[in-house]
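Okay, here's the structure, questions in a sec.
All chains are identified by letter, namely A, B and C, in their written order; residue positions are counted from 1 within each chain.
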Amino acid sequence: MDSLHNIYYFIELAGTFAFAISGATASRQQGLDLFGICAVAFTVACGGGIIRDVCIGAIPPAGLTNWYYLVASIAASALTIGLFPLVQRLNHPVLLFDALGLALFAVTGSQKTLSYGHNAQMAIILGVTTAVGGGVLRDVLLNRVPVILRKEIYASAAIIGAAIVVLGNYWNLPGDWVAVFSLVTCFTIRILALYYHWNLPSSGPIERKD
Amino acid sequence: MDSLHNIYYFIELAGTFAFAISGATASRQQGLDLFGICAVAFTVACGGGIIRDVCIGAIPPAGLTNWYYLVASIAASALTIGLFPLVQRLNHPVLLFDALGLALFAVTGSQKTLSYGHNAQMAIILGVTTAVGGGVLRDVLLNRVPVILRKEIYASAAIIGAAIVVLGNYWNLPGDWVAVFSLVTCFTIRILALYYHWNLPSSGPIERKD
Amino acid sequence: MDSLHNIYYFIELAGTFAFAISGATASRQQGLDLFGICAVAFTVACGGGIIRDVCIGAIPPAGLTNWYYLVASIAASALTIGLFPLVQRLNHPVLLFDALGLALFAVTGSQKTLSYGHNAQMAIILGVTTAVGGGVLRDVLLNRVPVILRKEIYASAAIIGAAIVVLGNYWNLPGDWVAVFSLVTCFTIRILALYYHWNLPSSGPIERKD
């Protein structure tokens, strides 16, 4: 399975980079300065993982000690600042990498939670948190209601991915194959949702009384 | 005191449910989707407790491993989505349960902090955080200034509840009776404040210079 | 070096107070009530340090157990509420203390991270977080895009301060002198940036497409 782990490693780098690009692009559109763009890109890339690691007791959090989250964030910021037209043209590959990152982080997030001895419910919640937490923090910092709470099949794909990992672990299925199956399922759902513009039902804004 | 602990258990379930209802209602009013409504309801129900547990070193946080926070959040979301007119008519019982939850979480939050060996100041701060932290996170996610920072006697009632627990512990009074006295005091203050529309003084918005 | 540590202690108190003043002033301008003003002042004073302590495994966080963060926050809130014209006239000393606090928290934040055995990258990230995290939380609670992500040389000065500490530690230079050098450098950059209105480059808000 060595080649599988090489593929994981490539997906992790590409996914982190895609997450960072989404942070850098959104910050640039809001007129943040150099530091702000890098800080938000870094927050998207590793924010979810840091919350997970703090909750499972994995100190220090991987997002703060591994060099590639920081390097991916700085590279994504540099690209977004220096070559914005290119980044805009890269929209499609970035959405693809983002879906890959979503799937991988849901899988690895729930696996890591289980490997620290925590229960199934916590593994699903923190798998999803790893995958979508950074994007929620991005939107909170940029002062808007997090987009993943409002529309699109994004967190839902991560829930399904994390649940597959938890079920596979419960039934003692071979971990690597469960991970691949979960990854492909989560990625496919996300890509189909993007392509067909699937959304979860919502009631739409109604008049507020408070 | 067995019946007392049964009462606690009922209050904890009812309070968690009331907190989740407040999250689900506010999210529905902002037009969040199914996942967003459940996620915000869950955040209100256990957000304060998770912050407390991370700060006192109680890993894993109870809010992530106990099934009833999640079930209460999903039930509250389902009710809010499917039977919104009913939820609106339930406004008064929900405010009552919310006041019960506020009082209970302030008491149990400060008790748990003391039981982990931390000092009185930390027990009061984290008792209040347990009680109001989820509501603050709800308002941050929904992109508005947290209501408990602006008006109403809400956090103040929790401060008094937590302070009673800390004083009772300092004077070695019997824990169960202190808890009941603290619970009733905090609950009564909150209900009186609701009934008579008490607010803390505030300066009102003034012109900003920045 | 005893007198040096007395100076540290004075700077820590003055810096904490200046941070709390910035929180209390901003909250008062948004019309928060008494509790809200104290809560935001306290968040600015110790929010960054609490995030650092949770990430490095220093439980309980110093910001929750040390009395002076809380006392400085309450004093700053009382002053801001009772003597607002005085606080406005104190604008210049407050900016000075704020710069001192920024520099000291960047230095002590990165030192504490290193002393817990974590690596250089984490020491720089958490040094900066200690210095600017509270201000970011203040702006999130007050529902605006954090000012340090948008303009001014503020976090950048903290990065340089933290990097000097890390380099000094790497080269085994005497810790006290490195700390003083880092403190003076960070403080000077911040004061020059204030005086000459230095800003990092930013692209300015552009039309959003989402």
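Just so it is clear, a contact is a pair of C-beta atoms (placed from the backbone, for glycine too) under 8 Å apart; a residue touches a chain by one contact, two chains touch by 3 or more.
What you are looking at is a predicted structure, and each value in this text was computed from that prediction instead of being measured.
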item	value
Contact graph of the chains (line, ring, star, complete, other)	complete
Same or different residue numbers at the chain B/chain C copy interface, by half rule	different
Centre distance in Å when chain B and chain C are each reduced to the mean of their C-alpha atoms	29
Where chain C touches two or more other chains, by residue	54, 140, 143
Of chain A, residues touching chain B in the complex	54-57, 118-119, 121-122, 125-126, 136, 140, 143-146, 148-151, 155-156, 159, 199-210
Interfacial residue positions of chain A with respect to chain C in the complex	27-36, 39-40, 50, 54, 59-61, 64-65, 67, 70, 81, 84, 140-143, 147
